[in-house]
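Naming follows writing order (A, B, C, D and E), and every chain is counted from residue 1.
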Amino acid sequence: MANDNVILGIKNLNKEFRLRGDGLFGKPQTLHALSGVSLDVYEGETLGIIGESGCGKSTLGRCIVGLHEPTSGEIIYNGQDISKLKGAARKPVHKDLQMIFQDSYSSLDPRFTAAASIEEPMVIHGIEPDAAKRQQKVLDLMKEVGLDIQHLQRYPHEFSGGQRQRINVARALSLDPKIIVCDEPVSALDVSIQAQVLNLFRRLQRERGLTYIFISHDLSVVKHISDRVAIMYLGRVMEISPAHGIYENPLHPYTKALLSAIPPENPFERHPEMKLEGEIPSPVGKQVGCPLAGRCPNATERCHHERPALMEVEDNHRVACFLYHDKVAE
Amino acid sequence: MSENNSQATETSAATEQVSEHLVEVHDLKTYFHTAAGVAKAVDGVSFTLDRGKTLAIVGESGSGKSVTSSSLMHLLPKTGKIEGGSVMFDGKDIVHATEAELRELRGKDISMIFQDPMTALDPVFKVGTQMIENIRLHDGLDKEAARKRAIEMLKLVSIPNPEKRMDSYPYELSGGMCQRVMIAMAMSCHPKFIIADEPTTALDVTVQAQVLSLLKGLQDTLNTGILLITHNLGIVWQMADDVMVMYAGRTCEYAPMEELYANPLHPYTWGLLDSMPKLSDKAKTDLKTIPGVPPDLRLTGTCCNFYNRCPYACEKCKNEVPPLVEVKPGHFVACHRQNGEESLVRGEAN
Amino acid sequence: MADNATGASLSDEATLKMLERERKANNAWHKLARNKMALVGLAIVVVMVILAVFAPLLAPCDPNATDTGNMFAAPGVGGHLFGTDAFGRDLLSRVIYGARISIFIAIGGTILGAIVGILLGLVAGFFGGIVDSVIMRIMDGMMAFPFILLSLILMTILGQGTINVIIAIGVANVPNFARVVRGQVHVVKNEEYCNAERVIGASPARILFKHIFANAMSPVIVYFTLNIASAIISEAALSFLGLGIQPPTASWGSILSEGKSCLQGAPHIATISGMFILVTVLGFNLFGDGIRDVLDPKQKR
Amino acid sequence: SSDGGSTSTGAGADGGTLVLSLPSSPKYLDPIKYTGAYEAQIIWCVCDTLVDYNIDLTEIVPQLATEWKVSDDGLTYTFTIRDDAKFQAGQYQEGRAVVAEDVKYSLERSATESSMNRLAMLDHCNVVDDHTVECVLKAPNASFLTALTDAGNVIVPKEEVEGWGDAFGDHLVGSGAFKLDQFVKDQQSDLSRSDCYWGEKPHLDGLTIKVVTDMTQSANGLATGEIDIATSLTGEATQTIKNNDQLVLDQKPALHVAYVYMSQVNGPTADQKVRKAILMAVNRDDLVKGVYPYGEATTAVLPLPKDSWGYDESVEADVPAYDPEGAKKLLAEAGYPDGLSLNIYISNTEARVKMATILQQALKENLNIDLAINPSDWGTFSAAAAAGKADLYGMSWSWFPDPYFFLNKLFSSTEIGALGNGAGFSHPEVDELLDKALEVTDQNERAKYYKEALKKIVSYDPMLVYGSEFVNTGLTKKVEGFQSRADNKTVIVSSEINISKTA
Amino acid sequence: MAKTILKRILQTIPVLFVVVTITFVLTRMIPGDPAAQMLGPQASPDAIATMRVKMGLDEPMLTQYINYLVGILHGNFGYSYSYSGPVMPIILSRLPSTLSITLTGLVLALLVGVPIGVVSAVKQNTIFDYVFMVLALVGVSMPIFWLGLMLVLTFSVNLGWLPAMGMGAMSKGVWDVISHMILPCFCLATIPAATFARITRSSMLETINGEYIKALRARGIKESKIIWKHALKNALPPIVTVLGLQLASAFAGAILTETIFSWPGLGTLIVNAVNGRDYSLIQGVVLFSAVVFVFVNLVVDIVYMVINPKVNYEGGSN
């Protein structure tokens, strides 16, 4: 389904947060949430993003939809760098780029009912100016995500975690966007509803050529939905490849560790786990070397000082690890 | 037909021995009184949990899992009320406990990991401060020692640079980090009973594995009982001793984990198991789902709640609430057509 | 399956009925209508407004008719329900007529200050940075003008009259409202739901007025309703400076300050006008609390 | 009407500090800068004038000057200065004797430097010897001696004045019975007995002069004993004190008239008929009763206090009496049969607002005049009134018993543009009489001129005079020897008075 | 944060410049001649004219303005004719007396108002709530003069416990100072206390239902700690704003209290300056207040940043 048309190009994206120093006059410290992330997202594909918790996935998503201004780097959409667009200039982009937030509770206005929240984007962009039709569309969307007429008039705090997440999904879908950044959109859903939502995602992709950037910790979900998968670690992309490449032929030591930690599919399955021991690196302060160096079983002296670049080692399979660089070099 | 009838038969096994179980919940009912009617969010939930054991609750999103756990802790919003049933913790009646008695239990004997980690931390205090407060409250440590212990706990849940992270505010943490902070807090006071409401949704699998083994370790050393609410069946298989399946406020199936996997009885359970995406799946086909939506909780209580989505539903299902019946030792199910007299064959809808 | 998708043995009708009930329950007016205290508050305000509007019909006497033979009559004496004032004028009539000025000015002045202040505060808080600095520094500067000076200046520029009193009180209130609102906005605007709105593409105005505004309102409402009291009293202060209402026109504030000079001999003058102010303030506050409760979805419904 | 205090000076216990309250804060104690009675109160305690009025204001009595002579042409006054007077020790001198040089310095300073023109008639002084000084006037001016009693013309030591410069007021030094220890504006002044005082030794050890702007609080202060003498009381406080048997209210007619001046040149009131109609439309007794419900004033009709020696009761009859019917007719004659609209400017004090409100009612009722009341703070009011903007303006006047300080100030055309004659009253024959009254020195002769002027003035119906306030003083029973003076001066120590306070 | 502070201090300069300019122009627009005010009602027109020259009022406005600005740059804020002295020392001399009662009053108000607000919120719609809130409303609508007089009548005149007026003197002991402060502070505290109570209540109602409150309960934290530490801190921002406002208004707005208790503070000074058309003093007071308010508001903003870490004044969002 995906074609070779790059719909969103992320070029060397960096995002730093300034942490407030101690006390009134403390020196602020820098937290590197994203360091030199470069990604191309193709039209109509699903790009799965997997990574350690806190590695900057949400930050990446927020940069894409314009909630964070990147410290440096570009985000190219429709031929223009949208990372610096502001105000009215950004408005047309908003409609195309949507996000499902990780924190489903706080991303809903506590004083808006579910219906109002879902309706809101349509009102803003003047989709469906007829109120009755709009209401109908709201209801349709809600039904798509497994909610029903009974949930229309309730406030966020009256929902369960999963229901709130579904409201978020419905809201993002209501705009007919081109790209949706899904930040763990199904983590709070039971498997049957999860299946329903995933099917919905796929159907919309089929029908409308939607593009997803799909952040999740559930590797089977990512595998199921993604065309390509990127593995992130500490603000960097470590490996990126078509989905089967990651699952069948993981290259990066971190990817391997991840795959080994997947929970079993049945009570009787027990597989050996590859544990990453050692000091967990911190995104705060100066960054040198490969971030995994301290925990990687294959680390060499070089890994501690030099940063491996993301290199294509196999067809469409790129990895940032010296283990393979040498092979490529040869 | 109504509850009276069902009560007689259900969970008779559980009520016999007292206090041998860590937690005993019997026919718990928690209702929300909203403007447009009474929502029966929890409407007949029964289970028991032994020391050192893990009970997993799975079920439809919105089926009342979190409300059940909130009810155990008496942490319902103003509109919510426990309307019936009993909850015994360590032989103590919790439903009628006073606020002071509950406070004794909360945090010390029972701790809870909330589903929404980012909203469950006080936004205006540093996470370190919140952890230290918690540790000092329960362990009576001095400030320095508590701080040390907090850092230790953060290290245990793999938070990088924990000394520095102690000074972060919740909004500066990623979702997974908040969740780990919550977990660290819940574990820091050696509880007898942990309620973990989707504790690892925001964690990557390596950290998840670590956290789960941490929970296991705690369980082994302290004989802690764990009530694990999750949607991740993989975790259930990994962690649980027993599993309870919930649907629309009611227990619909309750069995030892392996039994449930091997021999699920309730049609909803079947649907659930079938919907799970598998890593081993090769083809990218649509996932199986359970069509339809669950009923409005304000209108339930007169029939089997799953009736409208159940391919096996019969006339009785439409008119009677199915009681929870022990069909095999330890295996309870609430289905008119699975109560021993009749048994369905999975996949053969009528 | 699709035909019975909504509920087990439950007619769609029941659900629809419930939905209707719920929609009604969520409707601000219905919420307000169910809030007894708010209704009491509203009733008080309405009574006061009625007093003001129908003063000529309700007042038993001419409020300005002096009677030097019957000064400081105690309540009830000589057919004067509330007694008479220092000129022997019927206090009841004066209080009724006073409602016109006091209610009008209190509401007008506070609303004017609130509207401008809230707008400025919203903008300052929302855009932050230089906009915030400029607006708030202007507010700081305005606050630096003592009320008496500000009023004198405004009145010199504008002249006397009711509307100008409203403007004076309004202007004096602007920085206060701006600060209260702006502080709230700074807190609320960082909430995730505002970010969600930005992603949806909501214009700043929409985010401000539909989301931040509602979520920042509750202290503003309180501040607003409390301000009614000080506005009523400010009117008297302005009139005293000769900038407000000219004698003999009655206003509660001026009756109160006239009562000040005979507190011991004729305490009823200050007491009665004070009570009217108190009750009015009470009314506004109860009503304000009601609105706050209505805006709070977590309140028991 | 003075029912408190005894008149004896000798008896009375020594010791104690008397607390006296003023309703407004003194600002400038430098004699050439002071503007009001409250400052004068302190200055008089600290400094001496050459001469003073006696307690009844009937005659001028010696103070620093033991005697004086007036030359026949009325131009030269020769004073003999007492030889036992000493200045209090200060920063720049150590308590030296008061000599004629000081008199010359002080009076010439007042005459030339003071913008208050309190001694404008003085040309220069000649020191004859240490204890004799001649004052030469520019023209004969009979109000000179009276002017000398003004606190602006007290005798002060040059060293201190020049030493302190602008700050002299805060460190006032003189030869009076008390020396100024501390002067805090808006709060209080602490004075202690001067040991080098030439006169009778004051009974009091000290004097604290407190500013208490709230009248009710003055009464309360008396009740709690925090205040011994509360001066210049008005309003309900007087009643409160009357009602309290532990306290004494001393009342005495003041040299005070309250009036409504009507524009003589602009607007409808330029027509005398309109003015007269207004006078006839107002019942003064009712007005006074309404404005002063606690009996703090009496009705007055002439623009001169009854206690002034220029007062002429026979003129009272010339003032049109209350006659609403006649008034209406008169107004119709003037061309306003259906009434008209006028404005009145007043300062925002209670007494004025009350007056205007009652006046408004009376004019409406009797003449169908719509009177718009413009109350404002004093600054705005005085600017408007002095500029002649007002149709009517209401205020009051109080000064010395010498008619000059009323009639000249209010009706001389030279005062047009000042607040006194803001109405623009200008009649050459009145001017002439007033000037003449100033040239002659004999009081009887002067009285004649003034009476004549008064009659003339009244014939033009320039203003509605309605009341004359009392000097209301509240006292605790501890105070002995107090006697009030019609000019609102509270005399602590003099040849007649020596207040004491029992423990 | 240091940067924020520095920035804010720099911002003060244009604010003050504008304030000075506006005050300069506007004060001269109000009717009333400073010279006439100074000389009193009985002064003659000549005298007034002379005085105007002496006061420099005859010069063109622009010259006066430039002179004034130049003076300020040299640290000379003008000369007050009504208080015969340089402006700044006069203002500063009033500061201790004003601060002593306003700050004490505000602290008192906080100590009373905030707890009442908290308790009312916790016990929303109970009899406590109703009683406290009605009391609070009585508090805000209470005419200060009436309250002051009642206090004096009760505690000074009838009971004789406390002095009715004036400031105490340290030389007479600490009690003398304190006893003189009690009634005025009480008077000053009523309206702020009522305001704090109301604002606290409403703000607490917003926070008290938060999810984190539930989480804290689950952790077994004492209810009192949850309320007084966690919920209150979250509820603090509007309270701090209002505290700032009250401080500002207490500064210049304590005129009634000052009058009743003969407590000469800034309020009296301001009124006298305006009534006396003492231009320099008016300008000085406004300038001074501007500095104070900029400072108070800076402190408020910093407190905001301290209590709510997300607050950031630098940019728009995030």
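As a convention for this text, a residue touches a chain if its C-beta (ideal position, glycine included) is under 8 Å from a C-beta of that chain, and two chains touch if they have at least 3 such contacts.
Keep in mind that what you see is a predicted model, and the values were worked out from it rather than measured.
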Key: chain D and chain B - chains in contact with each   = C, E
Request  = Figure out the least number of contact steps between chain C and chain E, where 1 means they touch directly.
outcome  = 1
Query = Among the chains, which has its CA centre at the largest distance from chain E's?
reply = B
Key: Of A-B and A-C, pair with higher C-beta contact tally   = A-B
Note = Chain centres from averaged Cα atoms put chain A and chain D apart, in whole Å, by 88
Ask   = In angstrom, rounded to a whole number, how far apart do the mean CA points of chain C and chain D lie?
value = 48
Remark   = Here the gap between chain D and chain E, centre to centre from mean Cα coordinates and rounded to Å, is 38
Message = For chain B, give me the residues that contact two or more of the other chains.
response = 34, 36, 77-78, 116, 119, 171-172, 293, 296, 298
Request  = Can you tell me which residues of chain E touch two or more of the remaining chains?
outcome  = 30-31, 145, 149, 209, 211, 274, 308-310, 317-318
Ask   = Among the residues of chain D, which ones contact at least 2 other chains?
value = 216, 377, 380
Key: Interfacial residue positions of chain C with respect to chain E in the complex   = 126-129, 132-133, 136-138, 140-141, 143-149, 152-153, 156-157, 176, 179-180, 183-184, 186-187, 189-190, 194-195, 198, 218-219, 221-223, 226, 229-230, 233, 256, 260, 263, 270, 274, 277-278, 281-282, 285, 289, 292, 296, 298
Inquiry  = Please output the residues of chain B touching chain E within their complex, sorted ascending.
reply    = 70, 73, 75, 77-78, 99, 103-108, 111-112, 114, 116, 119-125, 133-134, 137-138, 169, 171-172, 182, 185
Query = Which bits of chain A are touching chain B when the two form their complex?
reply = 17, 19, 22, 29, 31, 50-54, 57-58, 102-106, 143, 146-148, 150, 153, 157-163, 165-166, 184, 187-196, 198-199, 202-203, 217-221, 223-224, 247, 257-258, 261-269, 273, 276, 280-284
Note = Interface with chain C, chain B side, in the complex: residues 34-37, 77-79, 171, 291-293, 295-296, 298-300, 302-309, 317-319
Remark   = Given the complex, residues on chain C that touch chain A span 5-6, 15-16, 18-19, 22-23, 25-26, 191-193, 195-204, 206, 211, 214-215, 295-298
